[in-house]
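Heads up, the next two complexes both have chain A, just with different partners, chain B and then chain C.
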Partner chain A sequence: MQDIVNGLAQGTIYSMAGVGLVLIFSVVRVPNFAHGEPLMVAAMLPLTLMTFYGVPLPLALLIGIAAAIAMGVFFSAAVFARLSRYPEVALLIVSLALVVLISSAAVMLWGDSPRQTPGGPDIILDLLGARIPIMWLVIMVTALASTVALDFFISHTSPGRIMRAMALNPFAAQLMGIPVKRYHALAFAIGSGLAGLAGALFSLAFAVQSTMGAALALKAFIVIIFAGMGSIWGAFAGGLLLGLVESFGASYISSGYRDTFGFVFLLAVLLIRPAGLFARKTNA
Partner chain B sequence: MADVLRIDNLSAGYGHATVLRGVTIAIEAQSTVAIVGPNGAGKSTLLKVISGLVRPMAGEVRFRDEDMARWSSDRVVASGIVHVPEGRQVFPGLSVAENLWLGGYSHPERRQEILEDVLTLFPRLRERLSQAADSLSGGEQQMLAIGRGLMAAPAVLMLDEPTLGLAPVIIDQMTEALMALRARSNLSLIVVEQNLQLTRALCDRAHILVDGRIAASGATEELVGSDVMKIYLG
Partner chain C sequence: MHRLTAFLPWLLLLAAMAAVLATGNGYYVTVAMLMMLWAILALGLNFILGYAGYFHLGLGAFYGLGAYGAAAFSASYQMPMIVALLVMPAAGALISVVIGPLMLRTRDLHFAVATLALGMIVSDVTNNWVAVTGGPMGMGGISRPGQIGIGALSIDGATTSGMFIITAAIFLALMIVAAIARRSDFVLILRGIKSDDMMTRSLGFSTTRYKVAAFAIAGAIASVGGVLYAHIVQYISPEPFTFFAASFQAFVVLAVGGLGSLWGPVLGSVLLTGLPEILEMDPHVKLLVYGAVLLIVTIVLPRGLASMGRVLSARARASANAKTKEKQT
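Up next, the complex of A and B:
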């Protein structure tokens, strides 16, 4: 039971990062390996704001999330929009360069020691012998609520419909007169905002550090690859599954290989279902 | 009649490959013009340059006497130039109604009014409004693509191979619809088409594009069946 709870708690963070990434990847078609950096900034910034500027916790968390959104808009408008005519591999290298630059700056600013944002609820529930910090439940409920909200936004609002169209046929979307760069920025803002929300909550429950972004982005990519590209709920479920795989692997095999289990699982999924676990059959 | 669109000495291409070389064309307001030519002549590239999807390497593109060579594709559409691309390019997972709604992006305040107009022109689409676009037949998808283009209330509508891959009976229906479109007083049509019968029925003037250059221009009646047309199109 404890392994399940641990896995789900970790997995919800992967879910939120994966859901944000799947939105960016579907709409903008950029392999954004810098997706973990807004998450890292939203995780690291609140403690600094609280310690040095006396900012109260809720405001510090909101500023962290706002910083993540601003980073996403910056990635879109100042970096990827200017490189839109370059091949995907060039964009991949640029996103990796962003990872190196931002994480290096973060290490200079915050060092690379793990830290946790204090002030979150510290009640621990006991359920069937499993210890469940209430903060984990907050994270799970927030992840579910934010995914429901995003699904509603994509399915039932005008900007959401436009982003769906851009994901389905970017060429035709341009010919409809849709200002694609504006919607790319919106997709980046929402996707990075979700990553920021994940980071801010994560820092209240787990240790975070300034070098965590790359690993989390990689896991978000694992999630969207094995869930099947383009599915928000697939990414949500995929994140939970990855958390469970890591938790059980760490518990029954070795915690030293925790990060390896996700990759092994990804390879197994790709061999059995190359389109991803939750990919639907589509008409050609 | 004044020119609504003027292309002067236009060169364009992709990367280092030049596709269009010194193309000059004038489109009169409310006229219907055909661009014909063999595969790879640069017809679709010409439409992409006008749409703002491909940047010119040299030359001018002017719309209502305004230089539009550097306009973004959304500004081109908002100004009244709409491109219905080859292969229909409908949004496959969205319904017919959603596809049409997206076509009206640049004129949200007139969406309902224009939609009625489009559904009058293509009554088949009214019956299919809630159906997924990719479940339509080829002819219906082409109607949807044209209807979606009309939703932007264009002054110039560019159609790239509108009858490509359609059955003869559907081509007849499409010709009829395009003739009805032509009768509208406020619309200029540029049609890239290999089907000479349609070109002849629909277009006042034709330009033959060969290897990125205009090989001949003139009244369609004179060009269709002329030696120059036979040489280039067989």
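Up next, the complex of A and C:
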């Protein structure tokens, strides 16, 4: 039972990062390996704000998330929207170069030791013998709520429809008079905002590190591959599944190989269903 | 005339190697060795990434395989370097042939993430399988080959310059193979796969077989690189084979140099291996500068350094055309 809870708690951060990445990847087709960096910044920034500037916790978390959104807009407006005609391999390198730049700057700023933002509620519930910190429940509920909200936004609002149109055919979308660049930035803003939300909440319950962005981006990619690209709920479920696989592997086989279980599982999924576990014909 | 210009880069390369060796400066020789090492990795990667267009982000797995294999042969079984040099590439190719058909069912981003995962698994294993790999402490005691050859032609592999000659010989041999391969039907078919897999298959080529072969060549050459690394540094630990240190670096050397070009791997390696050596800075600042250079080179020259000549001459021609037009009007 404890393994299930641990896995789900860890999995929700993968879910939120994955859901944000699905949006970015399906709308603008950028292999954004820097997706973990806004998450990392939103996780690291609040503690700095609190200790050095005396910002109260809720405001510090909001500023962290705002910083993540700003990074997303910056990625879009300053980098990827300008490179839309570049070959994919160049985009891949640019996104990895951003990872190198941002994470080395973050290490200079914050060092690379793990830390946690204090001040979250520390009530621990007891359910069927499993210890569940209340913060974990907050994270899970937020993840679920934000995924529902994003799903509604994409399928029932006008900007959502526009993004689906861009996902389907960016060129045709532009011909229809859609301000493609603005929605490019919007997709990045929402996707990075979700990652930021995940990071800010996560830092209240788990240790975070300035070097964690790359590994989380990779896991977000694994999650959207599980999901079969372009499906929001697939990414949500994929994240939880990845969390469970890691948690069970770590406690039943060997904790040193925690990450390996996720990767082996990914390779197994690709062997059985190359199009993804929950592949359906949907776009965004 | 054309033939002559084709030989020019080779002469330049040989001259540069001889010059470095002649200085006898251990530091220059070592840096040049590292440059050749990265050129070797990138040149192997060129087959799957440059020609076939598959984003292989797990080369570090094979690089690590070669290095750990070499360490085991040398430190645990006291075998000479040549054994590792023959066995490890074969092992790398064999593993590639086994997992290749699985990995190559995917393409584009899926393939990139699958190979990335492969590299991560190997990193995890090198860190955790302490009994065989020594874990984070790594393995030492890798002995270099001693005297090779006879009389005036003999080299001492134990010295840095001896190791340089061995590395250079392997590097040149691989460069020549790569130069020949570029004109072969094999590479032509790989290029066909890159531009249109389905079309190539409809022409009667079993594309999976060609892709697996390209994947295996990359794996085998990366293993050769690993064996060389183990004998150059004589100590290995998991760190140099992690994603950013190995797979990403090889990917970047090739992409910055020029995908699918013969001299791209060499140019990319000279720039990207040389640059951090010239910059004597705090390691974090160095990383920052490295990322920035990477960003700038990719944005300015998306087709790599090897395309620089073409880009410049195209610009020159364009401006010359503009001038003649101005004169006409």
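Methods note: the second predicted complex is superposed on the first by the 280 of 284 C-alpha atoms of A that agree within 3 Å, B and C clash if a C-alpha of one lies under 4 Å from a C-alpha of the other, contacts with A are read in each partner's own complex, and residues count from 1 in each chain.
By our rule, a residue touches a chain if its C-beta (ideal position, glycine included) is under 8 Å from a C-beta of that chain, and two chains touch if they have at least 3 such contacts.
Quick caveat: nothing in here was measured; it's all calculated off a predicted structure.
A.B. asks: Touching A:Leu204, do we find chain B (first), chain C (second), both, or neither?
C.D. replies: A:Leu204: touches no partner chain.
A.B. asks: Contact-wise, after the overlay, does A:Ala237 reach chain B, chain C, both or neither (first, second, both, neither)?
C.D. replies: Once the two structures are laid over each other on A, A:Ala237 reaches no partner at all.
A.B. asks: Touch check for A:Leu277: first (chain B), second (chain C), both, or neither?
C.D. replies: So A:Leu277 meets neither chain B nor chain C here.
A.B. asks: Once chain A of both complexes is superposed, is A:Leu83 in touch with chain B (first), chain C (second), both, or neither?
C.D. replies: second
A.B. asks: Output check: A:Ala97 vs chain B and chain C. Expected answer is one of first, second, both, neither. What do you get?
C.D. replies: Second partner only.
A.B. asks: In the superposed arrangement, does A:Leu175 touch chain B (first), chain C (second), both or neither?
C.D. replies: Only chain B is touched by A:Leu175; chain C is not.
A.B. asks: Under the stated touch criterion, which partner chain does A:Phe263 make contact with: chain B (first), chain C (second), both, or neither?
C.D. replies: second
A.B. asks: Under the stated touch criterion, name the partner, chain B or chain C, that contacts more residues in chain A.
C.D. replies: The larger set of chain A residues in touch belongs to C.
A.B. asks: For chain A, which residues are in contact with chain B within the complex?
C.D. replies: The touching residues are 161-162, 164-165, 168-169, 171-180, 282-283.
A.B. asks: In their shared complex, at which residues does chain B touch chain A?
C.D. replies: On the chain B side, the touching residues are 51, 53, 72-74, 76-78, 82-85, 89-94, 98, 101-103, 105-106, 134-135, 148-149, 152.
A.B. asks: Flag every residue of chain C that touches chain A in the complex, lowest number first.
C.D. replies: Residues 49, 55, 102-103, 105-106, 108-110, 112-114, 116-118, 120-121, 124-125, 127-128, 243-244, 248, 251-252, 255-256, 259, 284-285, 287-288, 290-292, 294-295, 298-299, 302 of chain C touch chain A in their complex.
A.B. asks: So in the complex, which bits of chain A are touching chain C?
C.D. replies: 25, 31, 83, 86-90, 92-94, 96-98, 100-101, 104-105, 107-108, 214, 218, 221-222, 225, 254, 256-257, 259-260, 262-264, 266-267, 270-271, 274
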